[in-house]
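Below is one structure. I have some questions about it.
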Amino acid sequence: MKMFEYMGKEVFAQFGLPVPKGRMVKSPDEAAQVAAEIGGPVVIKSQVLSGKRGKAGGIKFADNPEGAKAAAEELLGMTIQGLPVEILLVEEKLLIDKELYLSITIDGAAKKPVLIASAHGGMEIEEVAEEYMIKKHIEVELGMQDFIARDVVRRMGISFNSPHSQALVKLMNTLYKIFTEKDAELVEINPLVLSGDKVIAADAKVTIDDEALYRQPDLPRVEERTATEKAAHDLGLAFVELDGDIGVMANGAGITMGTLDTLTYYGGKPANFLDAGGGTGEEGTAKALELILARKPKSIIINIFGGITRCDDVARAFASVKKKMGMPVPVVIRLVGTNQEAGRAILKEVGIEAYDFMQDAAKKAVELANQKSEVGGQRSEGRGRKAEARGQRSERF
Amino acid sequence: MAIIIDENTHVIVQGISGKQGLFHTQQMLAYGTKIVAGTSASKGGTTLEGIPVYDNVRTACANHTIDASVIFIPANGAKDAALEALEAGIKVVVVVTEHIPVHDEMAVVAYAKRVGAMVIGPNTFGIVSSGKCKMGIPPNPFFIPGSVGVVARSGTLTYEIVGNLTAQGIGQSTVVGMGGDRVVGLTFVDVLKEFEADPETKAVVLIGEIGGNAEEEASQYIREMTKPVVAYIAGKSAPAGKRMGHAGAIIERGKGTYQGKVNALTEAGVKVAELPFEVAEIIKDVLGR
Amino acid sequence: MKMFEYMGKEVFAQFGLPVPKGRMVKSPDEAAQVAAEIGGPVVIKSQVLSGKRGKAGGIKFADNPEGAKAAAEELLGMTIQGLPVEILLVEEKLLIDKELYLSITIDGAAKKPVLIASAHGGMEIEEVAEEYMIKKHIEVELGMQDFIARDVVRRMGISFNSPHSQALVKLMNTLYKIFTEKDAELVEINPLVLSGDKVIAADAKVTIDDEALYRQPDLPRVEERTATEKAAHDLGLAFVELDGDIGVMANGAGITMGTLDTLTYYGGKPANFLDAGGGTGEEGTAKALELILARKPKSIIINIFGGITRCDDVARAFASVKKKMGMPVPVVIRLVGTNQEAGRAILKEVGIEAYDFMQDAAKKAVELANQKSEVGGQRSEGRGRKAEARGQRSERF
Amino acid sequence: MAIIIDENTHVIVQGISGKQGLFHTQQMLAYGTKIVAGTSASKGGTTLEGIPVYDNVRTACANHTIDASVIFIPANGAKDAALEALEAGIKVVVVVTEHIPVHDEMAVVAYAKRVGAMVIGPNTFGIVSSGKCKMGIPPNPFFIPGSVGVVARSGTLTYEIVGNLTAQGIGQSTVVGMGGDRVVGLTFVDVLKEFEADPETKAVVLIGEIGGNAEEEASQYIREMTKPVVAYIAGKSAPAGKRMGHAGAIIERGKGTYQGKVNALTEAGVKVAELPFEVAEIIKDVLGR
C-alpha cells in the first residue's frame, strides 16, 4: 500500500524523524490558513501516488497566504499521470544547502533489507549514476547499527565532524525502525535536505506490505486499486485489468500468466489477468465471471489445473452461475487434475466440452474472439489489435 | 536418489487439524510420505489419520525422529510455526502458507540461515521427490519417478508442465517449488546445485516468471553446470508495473523483464520454451528420446 | 535500580499489560479518595523495596474509604526490614481464582534471558519447589515468540482452550518487550492473577540495569544506596559499608575483595569495601578517604597494584589530601606497579613507607587497628569483634 | 605456543585516539604486540604512534590482515564497536570497556556466537600471551613467558597473583581476563579447554570470585583435565546481598557463596589458596620446583 507523502511524514513525525512544518489541506482557503500559520514562504505539493509530480507541475511555491491560495486553486483539479489532485500538502519552504537521497527497501534476491543512499538527491533515483549510489544490506538479526550508518554517512562525503553527521546516523536508525515496525516495503526520503545545521526529510515515500496491514491498525488506508481490482482482492482473487478482448480465469499466478502468454502467442489479446487461487467456491466463481464480463470480452477462457482446487467444485460453481446469470459470450474451459472426471460430467450438463490441453483451449478462445470480431461492426476495445471489425456480443451463450 | 527429501524422510505436519492440513495430510499419506507426527494447538494428544498429534514441535521431536516439517498454519501464525520448527532443530521446513508479511519471511529466512536449515517457500506448493516423498499440496497423479529435476517459482504452472512430462512418460527426480513471494528460502542456484550433484537427475527444468532477478542469477550458475537445463518463463505478455498475482511477479523500473531473463538464460546455454507445453518436447530432445 | 511496585505497574500499563485499578498515595486522605474512586473493596500496599512486606504486615485490606484511610494511617510510618513506609499503593481488591508466578531475568552463565514461570504463584519464588518451576531460556536473536509462550502456558497447566491462554501468551510477549526496551535485569509478576476470564499483574517487581539508566530518561529514579554509597557512585567509586574498623581502599573489585579477605584472615574487620577503579585523581582520592573516614576506622589500608592506575598519581593525590586534611588514623599503603618508584618517593615525603606485599600491609593494618583498641577504652563499632578495649583515635598521624 | 593470541596475531585498536586507547596502544607496542591499525571516528586518515588510523574497521580490514581487535570505546558506543568488529569478520574481540549495559553485552555475545567469534570481556583487563602479545591494559613488567596458564574474572587481583608468580620466576603461557561483568564472552570452561590443549601450559591458575556459578561449572570440566589447577576465590569475607564492585560479584539468595565454590573446586581436585600470595607457593609445589 503506497502512502501519500503527508501520511508518510505523519509517521516520520511520530517516530521523531524531522520533517518540515506544515500540514495536509483539501481547499485553497485551508492552504492560505496553513501558510499564514507557517508565516513565511511555503511550498504547496500535490498529494498523488506518482513520483513524477514535480515535472508535471504538481509543486508550487508561494511567499504569502494569498499566493498559497492561488497555487492551491491551480493545483486542485489538476491531473497528474491520470491521477486527480484532491489533497495538497502545505509546508514551510526550506533553505536547501544540499539534497541527499536515502531509502530502505527489500532486496528479494538477498532476502534482506537494503539501504540505498546518495549524495545526489533531489532527482529520481533511477537517474542517479550507479557510482553515486551507496548500497548497504542490513542483516535482519543485526538490524541497523551506528557503525553501518556512520559508514554510509561518510561515504556520502559528510565528515564525522560536520554538524549533520550525528543527526544523519540517528535518522538512519529511526528510518530503519519505521521500516521494520510499520511493515514497510519501502521508506524513501528524496530529497533529504541539509538546511543550516539541520537535517530534514523534505519528502516521504512509504509503501506498506499489503499482507501486513492486518497488524498495522494505526496506519491510514490508501486505495490504489481500481474498484474492480479491489472487489476482486476482497474475494481473494488477484485481478489485473488488461487491454484485450479475451477474458481469462485460471488458478495460480504462474498458470494464469502462462495462459496470457499462450493466448498472445496465438494472436489473441487478453482482457484481464485473474488468478482465482486455490479455493474459489460458487460465490467467488460468480464474482470472478462478473469481473471478467465487465471487461466486455469477446470470449472467455477458463484454465484449471486442479491441485488444491478440485475440478468438480469449479465445474459446479461455473454451471450454477451459468444457469443463474446466463453467459453472454462463448466460454472455453480447460479442466484437468483433482476430480477431473466428475467436473467434466457437470460441464457436459451445461453444454460445455472441456479441453485437455491448455494450448488447444487457448487456440479456440482466440479463434472465437477473432471470429466474432469479424461478424459484426463494433469497434475494438483492445488497443493495437489488428482485427478491423467486431461483432455484437452474442447473448446465446 | 533425489534431492532434499526421499523415502527415508520423516515428516511432521504443523497445523495438521486444520481443513487444508488434514486434507493434504491424507493426500501426502496416499502418496507415500512418511508422516510421523502432527501439531495442533487445540488437538494435541489426539490421533488424526493414524498420526499422533502433539501440542508443539519440541514434544513431537522428543517422541520421534523428525527430518522435515510442512506447515499449514495461517499467515498470521506462520512465522511463529516456522521458527518453532527451526528452533526445534528441523533442517527442512516447507512453508505452504501464502500471504505472509514480507518482514516475517525475512526473519524466518535469516533464522534458518543461522541454524543451518533449509526453508522451502513460503507460498509454495512444496516439494515432491517423485515416488518417494511429497511435502505440500500438488496433486498426486502427475508425479512419477524419473530423471528430470524441476525447480519453479509457481505452482499450477508446474503441475501443467510436470503433467505434460508425465503424459509423455518422462518422470521426475525431484520437483521443487521455491515459492512465489518476494522473499523465499531457496534460490534457483541452491536447487540447481543439488540437481547438479544428484546422480539420478539427468536434466533440469527451470520454471521462472517475470520480476526480480532470480533467473538472471541462475544463468550465472548454469554456465558451470554439466547437465542440460530447459526453461519456461511466464509473463511474456504481462504489462510493466502490474503485480501479476505473485508478490514478486512485477516488472519494476524496467527490471525483471521477460526478455532480459530469456537473454540471460539463452546465453548460458539454456533452451527456453516459448509456451508451457513445449518444455516436454524440448526435454525429450535433450534426453535423446 | 529497583523500582517500587507502583512504578513497575505504571511501566506495565504503558505497554498495555493489565494491572489492577488504583494508584500511589502518600497520605491517609489520599488513600480514602482513591478507595472512593475505585468504589469497592481495596488493598493498601506499602511501597518498600523489600520482598517480605506481606509477612511484615505491610499489606492491608479495606472495604470502604474510611477503612482505607485507617489502614493507610497504620501503614505510613511503619518500618519494614529497616525501610520506612512513605508511599502506599491503593488498588481494587481482585477476586482471585488462581495465582501464577512469572518473571524474566538474566542468566549470566547462559549469557541470555531466562523466563521463569510457575503455576504456584503468590509465595516467594525461593519457596516454590524446583519441580513446579518452569525455566525457559530466550535466545537473544530470536526473542520471545508465541510458540515459546504457548508452551510455558501449557506447562503451567492452562489449556489452550481456556480463556486465559491467549491472554497469557500476549502478556509474556509484552513482558519480554518491557524487559528488553527498558533495559531491565528483572521483571517479575508475583502473583499473576487469574480473575474470572482476566489475567492481571497483581504485583510488579522491576529492576533496571544501572549501567543503562543513561538511556532510560523516561523512567523514574529510585535511590536505594545509602547517601555515602551514592556519593561514592557519583565519583565512579564502588563503595559498600561493612561492619568492621579497618578502612579499605584498593583499585579493582577483585583485589579489594582480596584485601578484605586478607585482613579478615589476619583477624581484622574491614569497615568498608572501596574499589577506586582505575583512574581516581586527587578529588576522587580525597572523597574516597572522606568516605572511609566517615566509617570511623581505627586504621586504613590502601592497596594499589598499578596497571591503568599509575602509582605516582595515587601517591600524589594521597599526599595532597593528607597535607590539606590531615589524617586522623594510621594509614598503611601498599604500592606496586606502574611508576612505583616515583610514587614511593612522594609518599616518603609525607612520612609513609610503602609496602611491597599485600599480606604484609594487611598484617600491619590489623595490628594497628587492634593495637589502638587495646590502648584506650572506647566501645568497638564493629560487631562480633573480639578486641575488648579500644583506644581514642590518634590525631598525630 | 600460547592460547588465543601469540606473536603472529595482528591487532587493531578500536578507539585508538582516545586517552586510554592511545596510552595503552603505546604500552602494547612496548610489550611487542603487533598492532597494524586503529580506528577513530574523528582521526581517520591520520597516523598515531606509527599506526595507520581508519574511519572504521571494514576499511582497516580491507588494507590489513587483522586477527584480533581490542576495544577502548566508551560504554555507550562499545556494543556498536564490538558488533562492527564481529561483522567485519574479526574472530577475537577484546572489550576492555566497563559499565556496558547488560542487554548490550547479551547482544554482542549472541552475535559473536552466530559468527563463530570469541569475545573477551567486557570489563576485562584483556589477555596476555607472555612475551608474545598483549591486548588490553595490564602493566607490562609483570608478565614473563613460562608454562602457567592463568584465567581470571578480575584485573588487579590477577596482576597481584601474576606479579607473585613472576617474582618467584614462574612465567605464564597466557593470562586471560574473562571480565567482571555478569554477562561476558568467555567462560572458565572455554579457557580451561584451551589450556588443556596447549602443550606449553603445564598448570593453570583460576582466579575466581563470589557470585554466579562460573567456578562451579568450571569444577565439572576440571575433573576431566589432565593438568593441575590451582585456584583463589576472592570475596570470602563479603556479606550477602551486596554487590562487591563487579556487577557479578554478589551473593544472591544463598547462591554464589565462597564456600560453595571452594567445595566444588576442592572436590574436583583443585588446590584452593586461602590468600592471593599463596597461589605462587602452591604452583611451585605443583610444578615440583
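Think of it as A, B, C and D in the order they're written, each chain with its own count starting at 1.
By definition in this document, a residue touches a chain if its C-beta (ideal position, glycine included) is under 8 Å from a C-beta of that chain, and two chains touch if they have at least 3 such contacts.
Small disclaimer: the values here were computed from a predicted structure and weren't measured.
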item	value
Reaching chain C from chain B through chains that touch each other, fewest steps	1
Cα-centroid distance, chain A relative to chain B, in whole angstrom	27
Whole-Å gap between the CA centroids of chain B and chain D	48
Centre-of-Cα separation between chain C and chain A, whole angstrom	57
Where chain D touches two or more other chains, by residue	111, 114
Contacts with two or more other chains, residues of chain C listed in rising order	139, 141
Overall pattern in which the protein chains touch one another (line/ring/star/complete/other)	ring
Chain-chain contacts as defined at top	A-B, A-D, B-C, C-D
Chain C-touching residues of chain D, taken from the complex the two chains share	20, 24, 75-76, 99-107, 109-111, 114, 125, 137-139, 142, 152-160, 163, 180, 182-184, 187, 207, 209-210, 212-214, 217, 232, 234-239, 242-249, 253, 274-277
Interface residues, chain A side, partner chain B - complex	106, 108-109, 111-113, 126, 139-141, 180, 183, 185, 209, 211-212, 214-215, 238, 240, 242, 250-258, 260-265, 270, 273, 275, 278, 305-308, 336-338, 357-359
Of chain C, residues touching chain B in the complex	139, 141-142, 145-147, 150-151, 154, 160-161
Partner chain C, residues of chain B touching it in the complex	41-42, 44, 55-58, 77, 80-81, 83-84, 87, 111, 114
